[in-house]
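Take a look at this one; I'll ask things after.
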């Protein structure tokens, strides 16, 4: 049976909406229509529970904030449920227009009825996972991750490049912290690492999915190892580079021009007589990481303390520890904000010309040595490794994380995590924290079988001409080519539907959101609207269920009023919207179609914001070609922090 | 009456030999508060902190340390009326105390004349003595002629207050001790922008025009804040803002003048010793005091 | 470690344009920084001179300075930069005598640099070259010869007497001379010719 | 070993660590002294590096299993099985008791019962009392029963008893009986096996800092206050106006206003450069001229796009630390030396915005004193005491670093209580 429960929200919504009219209008669409006062409270929930049997299809017209969350999930076992947010998206945003608001509610409830007709039960999966993790360690973060996983009782393989030993670890981590702290940490970790399997070699290839990746590792002496891992942690670490300005600083041409680190290790052994004045030339044009800054300050402080005259020519000093900067100055390091423009060598030493921005003049200094601080970047192999793993890099060559604010270690591929400097250069404590993050995520993957439930894409093999557009489009590697067929990998699927809009032959349809379902719903909206509102224009807002929908809810809370002729249709992700849906929207009579997505770069499924912009721009081109007004189709982003967006973007005032 | 409290008086040069009415009024005020200043202990010039430091800083420290040594030998707290003297003594004392290297170096020189300075002597300025040692309550009791209906702005001058770790004043940015005293005399303290701005005097030897720009700016701000008079303690500031006032405000436009009182004068007026002030008014004040005194109802 | 193997665009972007374009270069030929940093090291050894090291050139002193407000060539921050770079031309610059020693800069300095003191030290270095106002020299001579900065006149002593103020005696000038002998100040003062010319006020 | 954890402070880090611990099967009590969660970030509206909501706080496993990534306001923290949220609750004491902690809590009344309120907001409509809304710089009024920000979680309103007249209009209008004006403070003690401090930071009030005219001139604001003006749910609908209601045309920002300063806070607050740039860009989008006075621009690489965008949008950068702000004809004038041009500037603008240092919450200091180190910040893991800390409680930092730290601490707590040899 198809049932509708309406909530008056403590008797307040009926001041804004005419529930009698609503009841009358939708009576024909549902088998049961019931109006409750407090659906979200115990008494309302009980009523709901009693009024339902397990195979009922259910529509709820209520608020969006109190009801959609856990209470509903905990109390209702029904699969086929849809919500119409009558409070935040209708009543509260159309307070001045009771009649039109009521009509809008009726339209949306008619839409809900059609939606229920097309709704399918979600598909459920359970997959076993391998309780073993591969850590690709280049340095301290890799060691820490392996050590912690081992302590958690997870089997670990630590893959290390050849020739890795404590000396090398220290060398490659020199910029992270002062040496003593580094040695202490390293020793502490090494203790717990004794029982961990360590493999010297390189990464070969990977197939499979989160929970069970098949990995080939190539050993240094030609041996090959094939193993199954539940999760992979990439901790390939950093490498130091010469800045671009090094050549100009005569690095490689003069023996007196050296890197700061090589100078440090040289002077550790003995005090160089000839080196009383050392000019440290920082590349003025490249922004500095704060770890690089701290390393620069530590090194120069140590040199100055030992009696050398140190002149640092620099741009902005970046460090996470202001006291380091203070100590460096206290120990006598001379800081010149500016740029070294020329270095000439003669018998006296190196004559260096400096543009001092804070004096607006040029200075010349004769230095015995010029030291060049190296920059920290990803190891050379990172790009290759990322390619093999199928994860993305950012434009600095570091491994990109899914969502820089909240997802510190998740790569673009599920079950693969990044720790330490492979993401960006980090101080020792940040790298340790980063390793712990990766361990936490990997642990959550491998500790129990993977169960998932949701509407999934269904591929029609006959329609599909294996163009692989969907493979390219799927941001989560949830579609794969196997035996000339496209297959779905549920373990990776996020149920976003981006593949649907990518398919040129519409061979992929999404459960519950098939093309016919959208068409029927749009038509239902259009006809009901016309019946109630006559010729008043209307528009569609195709909103993603994440940020855009949250923003529209927030418009309600913030009291941002907008026109009633705007019908919000929720899509799992804006990336699922294809030109077909947009055009259909126009065909049924909408004046405008607005596709609302997450903020740029902020799509919860990684690419939906960008894709929907592309789809809209493509559709606009099409409209222009056939002489239609392209302005009728718009794409925009909406976020909850900007509840005024709906007000700004809805052009049709009812 | 109990025995008077004694301070070693550090006379300096400016107050005793240029502006003796400073010493006169303050001695009278202090004696009413049962305080005696003991003079002639063998001090020399402090030496003054604004130019001599820049000629020979070591010599400044050495002469200053000798004065400290003299003070230490008296066994009393030392009080300087002049802000410059106070600043030098406080600074030198502070340096001797906190910088052992300098202390040793300087004392080597003093040894030749049979002296030694530790820097442990307490050097005070008049505000320490009045506000901290005597206390507002006691002063309030000695007020017989409250200065009603007039507003007075306090000018502290830089050397009295800064650096705070040597001067031990209440605040480097916004000291309030002088305002408290103004209030006790019955007058209304006036707050004005840039209270701690310099009067300009220190650079008058090298750049007189600029020094006057600063003085004029200061005077203008005080006038704009609605003060009837300024009260101050520093003889150099007095020279700049009182004796040179006419010269300083020449280019300021509309003619105005602002009476300047020495702290001792203000207190003497409130303690009923108006004769002391009136008798010296013509000789040591270039800005006419008469209208102000009339407003206060004294010295017809 | 091969620069060509770099795949990182961080090093290929010019985010930070040199800002020199904002101002004109004052000197056409660059001024050398002396390799022994003698001036700087001398300052560092003087009382409170070491606070110079803390300076990070934020410029708050200059924006706090009442002189800088009326004379844009007076720039305490720049003076400190010169001392940091051991540029002794500062000691010969008449501008340093425009410092009020009001310590407004020092009060606000975020790193507690004793700026007025450092300028005082620079002035001391300028004595040899005559960068001392005549008034300052006169006062110094007077202190050495009489123990006071100003002449004490007979009428004034009478006035004090009339006011009932106590006698203050005479400062022990000989003692002073003995204590100061090794500094050679008296000799120096005899030979110095102030570049300021004339005499100041007072 | 037991499995109960008390997390102090429901800012970003506190929420994150609580979600993670609950996901790992531990029992969490999340204690927040304010009426709503989110801490400082909730005031900031849009946040870097992603330029989206501060409220976007997904930490839980539901990310991949449902349709929604979690919005803070939708996740309904209080409804998670293993996670108990205590708002308006302060920690009175933490006592160590064998291997466990005995944490005593005091909950001040909200006067609105969370389990009854349906958030219909009728009570706010009927309330007659109006007081200046501190959340919006006192520039607009709010009721005695109110919600401080529309996105605040829990959504239910709270009554400010200092201004309430007990007229009972709200009680009468609430048909579900969710309002109880006689509610009393409650104390309770929780036995916990671990305590995580996520007490966060607040902006240090610049009124104690001389020179910048904060408090003297109403057009001298802090960055947080500017964020409230820029927020479209704020008093001015996102339009930036002066205190007198004039449209702002120019803004001067003073970075390190009291940071890196031995007279005030001697450390660098890490996050202010970036959020100042974020605000500068938002202001430029409104056509407002922006000048930023800085010493060193310290922008982490993941936020570098903000610096680039600020440069592209013609924000003027002046390298120099201003000494003071004077008020000229009602408008603030910033006095600063442009150290790269050797020029002392007097910059007139409609607003001056101070990037005030981020300091630990003053209120917490006493109870937690024995767990805190330099400047009142805590160590991430203070092993002998068994107390953990994360987020800005360990030192000022930006959101990504806070989140990473929260996750790391979640793992540490889990390993200490449940696993790990």
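Chains here go by letter, A, B, C and D, matching the order in which they are written, and residues are numbered from 1 within each.
One rule holds for everything that comes next: a residue touches a chain if its C-beta (ideal position, glycine included) is under 8 Å from a C-beta of that chain, and two chains touch if they have at least 3 such contacts.
Given the structure is predicted, the values throughout are model-derived calculations rather than measurements.
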Count the C-beta pairs in contact for B-C and for A-C, then report the pair with the higher count. B-C
When you take the mean of every protein CA atom shown, which chain's own CA mean is nearest to it? D
Counting only Cα atoms for the centres, state how far chain B is from chain C in Å. 25
How many angstrom lie between the CA centroids of chain A and chain C, rounded to a whole number? 57
Taking each chain's centre as its mean C-alpha position, how far apart are chain C and chain D in Å? 46
Could you please state the distance in Å, as a whole number, between where the Cα atoms of chain A are centred and where those of chain B are centred? 67
Residues of chain D that contact two or more other chains, please. 210, 260, 301, 304, 307, 339-342
Any chance you could list the residues of chain A touching two or more other chains? 287, 316, 326, 357-360, 396
Using the touch definition from the top, which residues of chain C touch two or more other chains? 10, 15, 19-20, 23, 56-57, 77-78, 111
Seen from chain A, its contact residues with chain C in the complex are 239-244, 246-247, 277, 283-287, 309, 311, 315-316, 325-326, 329-330, 332, 334-339, 353-366, 375, 377-378, 380, 382-383, 395-398
The residues of chain C that touch chain B in their complex are 46-48, 66-67, 70-71, 94, 96-104, 106-107, 114, 119-121, 123-124, 126-127, 132-137, 139-140, 143, 147-150, 152-153, 156, 159-160, 163-169, 171-173, 175-176, 178-183, 185, 188-189, 196, 200-202
Which stretch or stretches of chain B touch chain C in the complex? 11, 13-14, 16-18, 20-21, 23-24, 27, 39-40, 42-45, 47-59, 61-63, 66, 95, 99, 102, 109-110, 112-113, 158-159, 162-164, 172-173, 196-198, 200, 202-208, 210, 213-214
Applying the document's contact rule, which stretches of chain C touch chain A when the two form their complex? 1, 3, 5-20, 23-27, 29-33, 35, 37, 53-57, 77-78, 81-82, 84-85, 111
Under the stated contact criterion, what part of chain C meets chain D in this complex? 10, 15, 19-20, 22-23, 56-64, 68-69, 72, 75, 77-78, 108-112
